[in-house]
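In what follows, chain A forms one complex with chain B and a second complex with chain C.
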Partner chain A sequence: MSAGRTLRLIGYVTWFNVRMLLVSEFFVLLTFISPLIFATLAFFLFRLGHGGSGQTLLYAALGSGMMGVWSTTLFGCGGAIAWQRWEGTLELLVNAPTRYDFILAGQTFGAVIFGFYGIVTTIVWGMVLFGMPLQATFPLVLPLSLFAAVISLGALGMLIATLFVLYRHANALGNLLEYPIWLVAGLLVPLTRLPDWIQPVSWVLAPTWGMEAIRGATLGDAPPWLAIGMCVVLAGAYYVLARVVLVYVLDKARRDASLALR
Partner chain B sequence: MTPASLCDEPMTTTAAHLSLPPVTADPGSLRAAWRIFWRGGLMSYGMLFNWARPSIYFPTLIGGPTFQLLFFAALGSYAAGRSPAYFALGNAVQVSALAGIFGMTMAIANERWFSTLPAILATPANRIALFAGRFLPFIANGLFVSLYAIAFGVIFLGVRFEASTLGVAGLALLVTVFSCTAIGALQGAISLRLRDGLFGANLLMLTFLLFCGVNIPVASLPAWMQVISNLLPFTHGLEAVRQAAAGAGLHRVGGLIATEAAIGVAYSVGAFALFSYLERSARANATLDVR
Partner chain C sequence: MTGDHASLPHAPTRPGSPSADAPAIEAIDLVRIYHTHVGVIRRRPLDVEAVRGVTFDVRPGELFGLLGPNGAGKTTTIKMLITLLLPTSGSARVMGFDVVRETTEVRRRIGYVFGGDRGLYDRVSGLDNLRYFAELYGVDPRQRDRRIAALLELVGLTGREKEKVEGYSRGMRQRLHIARGLLHDPEVIFMDEPSIGLDPIGARELRQTVRSLVDAGKTVLLTTHYMFEADALCDRIAVINDGHIVASGTGSDLKSAVLNRTIVEIETFGVAPEAIDRLRRDPEVIAVNTEERDQSQILLIQSERGPEITQRLLGSLGDTRVGKVVAREPTLEDAYVHLIASTSSTDGADRAAALG
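Then we have the complex of A and B:
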């Protein structure tokens, strides 16, 4: 399969998945409503403590938006393979002439890109209701930061999709992993406020560097090249791991004739 | 196995069942109502509450609340500069809503999903007993989740209770969990008519976090938000728990507890009225299994 056709396939599946998520009430809540509520909560809390300067509000808005991105990634990707099973399309997709990991990549990128709509909504919410200023110290670096964040979270989504399929109740894992990653990735609370032993955990998480890249381009004193580079490195590592797990899982499912079963 | 033999077996079984003495219980009797309340409530918990299995229960109702406490304790102490214990206690009470809201939504709405609603509504069972029986397991479950979270807060996040008013705090917690379960019942009745009942349940959970003084003192909210706060469960009950934890007796927090109880009763009556209306409407329009 040529590179052009592969990109076209991933792009098509991504767009298809975004459209599917748009009609899901749960994902609309997760992506658009939940970040607004968390942003409002954070705005009030920061106002109680720090006085709520423009920079603080933007910090809170970006963090709350990224919380929505993580939730969408977690639930959208965690249940991706399970949903295909329930809908009876998994066998067809796995046995299609195209590689299944490309289809899965499209699905996970769809969930992540859908999640990023939430950041835009949160920023508009902060500007309209809380008078938050819209600023970016490195506006030209910002698109690159966003792109790096999308690919790293998308690759992490692939890894989540392949790992969660081993657990019977993927949504329960989603419920478990939402808050800890919000905390450990430093989305609203700086990592320096957390115990030292947590920091190495945060270094291997895409949301940490994705947030760092976006915040660096909007609020930072220097361009966030390290964060952008880490996003790319992590994306590669996640993809390789996801591919290894996926090959193992699919091979096992074929041998045991349990592709459609749990 | 041929189709004929498939038919033969159930006929024999049915004949055996028919030979049993008929049930003589009067569906209108108090004994039957108690049985529906107690046995029916327990059965509905076991069968309709999707999370009542360890592989879902522990990640969702133990793990999730644990991290929620840690997250808000860290965020609150960093952003607002208050003690982590304030946020830990607020969230420890609020996590009972996981059982109350989601549980009651599932206990009512899943009757339709699992196609047991027509069978239930076809029986002459006492509706109040049927409906009230659903509450009890979820109140117990909500209390358990909340008590676990409070214990976690006491051990790790500095939550403290005045020993002399521990009973008052317990009473306030019980009433709060009841009123939360009551709004869950209302949500469950509403979700009988919705495509995705859990949308409303999720929205309620988020609303409690913002409006009910769980993380932000109600007095710090804008006036229009305070109006909503006062109509929701948790607001008065949580305040009563906080004050009792600090040593306030029943004479000081009794009013808050009574208000919380009244809110719970109002939501319960509203939920039952809506359930009864939907039942009548579904019978009249033959839409029991139709959305």
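Then we have the complex of A and C:
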């Protein structure tokens, strides 16, 4: 398949998945409402603790938004597989003559991009209700930061989704990963406040560097090149790992006849 | 559904296809064992042999039927042939490509249609479903919309394509399934019980569409447990039971196994199991199957004696209340029931009896 067709395929699957998520009340709630609740709580807490400066509120807004992005990534990637298993379309996707990793990539990017709407709603919420200023120290770097965050989270989502292809009860794992990653990736609590032994764990997580890249471009003193670079490196590593795992997973699914199980 | 398949734009002939005399589908001694477990706390492994050495071939352009009761191994066989399942042993080729190793080549050349409600995205339109699968199946974007329009016409969904699938009837969903399975103009089409749950008119339209696909040169492997469907459509039929092919040939070939028999149909009301046992013990009786109706039971008794055995059979029923009695020639259904009953384990015999 040519590079153009591959990009078209991934783009189309991404768009289709965004549409599917938009017609799901659960995901609309998860993406648009829950970050607002997190953000509201965070705004009040940060006001109490830090006097509510504009920078602090934006820090909280971005963190809350990223919490929503992570939740959508987790449930959008894994949940989509579980839901397709339920609808009976998973077998058809796996059985298409197209490489399944491209389909999976489109699905996960769809979920991540959908999740990023949550950041926008959170910022608008903060501006309207809490008088939060909209600022970006490096406005030209910000799109790059957002793009880096999207690809790294998408690739991580893809890696997680491979497990959902294999195990029909992988939702339990998804639920387990939601809150700990909020903490370990420093989305609301700065990483420096966490125990030292947690830091290496946070370094291999896409949300950590995605958050760092976005906050660096909006609140930082210098462009967040390290964070952007780490996002790209991690995205590559996740993708390679996901492909390796996927070969094993699809072979095992054909052996175990697990694709049609609900 | 319309049957004008000639209007469909065809993809150019793909390289690497086998010669005309090579089988389009070839299954050699296919075996599939499912490893599962029983018990919740004490989990014990359990091996279930779903397919036990299935061998058959399908010629290019042929409509081949795999006929068997539920649980006979039809779907498992199809899933091995379409690369979704790995055979435990044996081998299979589709259009000359090995289903285990050359999965992409096989997938490019096959369409897979199954019956039932699943396999579609309910919350978007039929058109969205087709466009999405067209991307996944690598349909040329320049031809996509023309191809979809032709398929919608073929399956009779033109004008309904923008409605959400969740509002489709069972028949419409089934037709959308067929359109999806044909998007990439596959050479071989696997249809797994496509008429299940359809009303008689929908089933008849579906059969017309299937026939038109074969007329357009497609190879079709159809599984069904409806005898009349297999008889009406298929060039050849293989009867599968308990994971084995128990007979194969044309409908006439299969019927020939019971041609010398007479079928006596006796309508009874509240027939006792002992009376049925008495019939089964009769040395002139080959098989007895029962079919439950609302208020009555129809006994289908196969015998090599002519209609003159009828009085004797009625005598064996004792004081059972009897309604209509008919002696007739055997049909494919009788041949099927005979094959299933004579090749089943106890469970299978019960099932065959239930099939009537």
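Heads up, the rule we're going with is that the second predicted complex is superposed on the first by the 253 of 262 C-alpha atoms of A that agree within 3 Å, B and C clash if a C-alpha of one lies under 4 Å from a C-alpha of the other, contacts with A are read in each partner's own complex, and residues count from 1 in each chain.
FYI, contacts are C-beta pairs under 8 Å (C-beta built on N, C-alpha and C of every residue); 3 or more make two chains touch, one makes a residue touch a chain.
This structure is a prediction, so every number in the text was calculated from the model and none was measured.
Participant: In the overlay, answer first, second, both or neither for which of chain B and chain C A:91 touches.
Facilitator: After superposition on chain A, A:91 lies in contact with chain C alone.
Participant: Name the contact category of A:16: first (chain B only), second (chain C only), both, or neither.
Facilitator: After superposing on A, A:16 lies in contact with chain C but is clear of chain B.
Participant: Looking at A:248 after the superposition, I want to know if it touches chain B, chain C, both of them or none. Which is it: first, second, both, neither?
Facilitator: neither
Participant: For A:203, select first, second, both or neither according to whether it touches chain B, chain C, the two together, or no partner.
Facilitator: Touch partners of A:203: none, neither chain B nor chain C.
Participant: Now for A:8: first (chain B), second (chain C), both, or neither, which partner does it touch?
Facilitator: Once the two structures are laid over each other on A, A:8 reaches chain C alone.
Participant: After lining up the shared chain so the two structures overlap, which partner does A:45 touch, if you call chain B first and chain C second: first, second, both or neither?
Facilitator: The answer is first: A:45 touches chain B but not chain C.
Participant: Could you say whether A:225 touches chain B, chain C, both of them, or neither, answering first, second, both or neither?
Facilitator: A:225: touches no partner chain.
Participant: Which residues form the common part of the chain A surface touched by chain B and by chain C?
Facilitator: Shared contact residues on chain A: 24.
Participant: Using the touch definition from the top, list the residues of chain A that touch chain C in their complex.
Facilitator: 1, 5, 8-9, 12-13, 16, 19-20, 23-24, 87-89, 91-98, 103, 251, 254-257, 259
Participant: Can you tell me which positions in chain A touch chain B when the two form their complex?
Facilitator: 24-26, 29, 33-34, 37-38, 40-42, 44-46, 48-50, 60, 167-169, 171-173, 175-176, 178-180, 182-183, 188-190, 193-194
Participant: Any idea which chain C residues touch chain A in the complex?
Facilitator: 34-35, 79, 82-86, 104, 107-108, 112, 116, 118-124, 128, 132-133, 135-138, 141, 180, 184
Participant: Using the touch definition from the top, list the residues of chain B that touch chain A in their complex.
Facilitator: Those in contact with chain A are residues 51, 55-56, 59-60, 63-64, 67-68, 70-71, 74-76, 78-82, 195-196, 198-199, 202-203, 206-207, 209-210, 215-216, 220-221.
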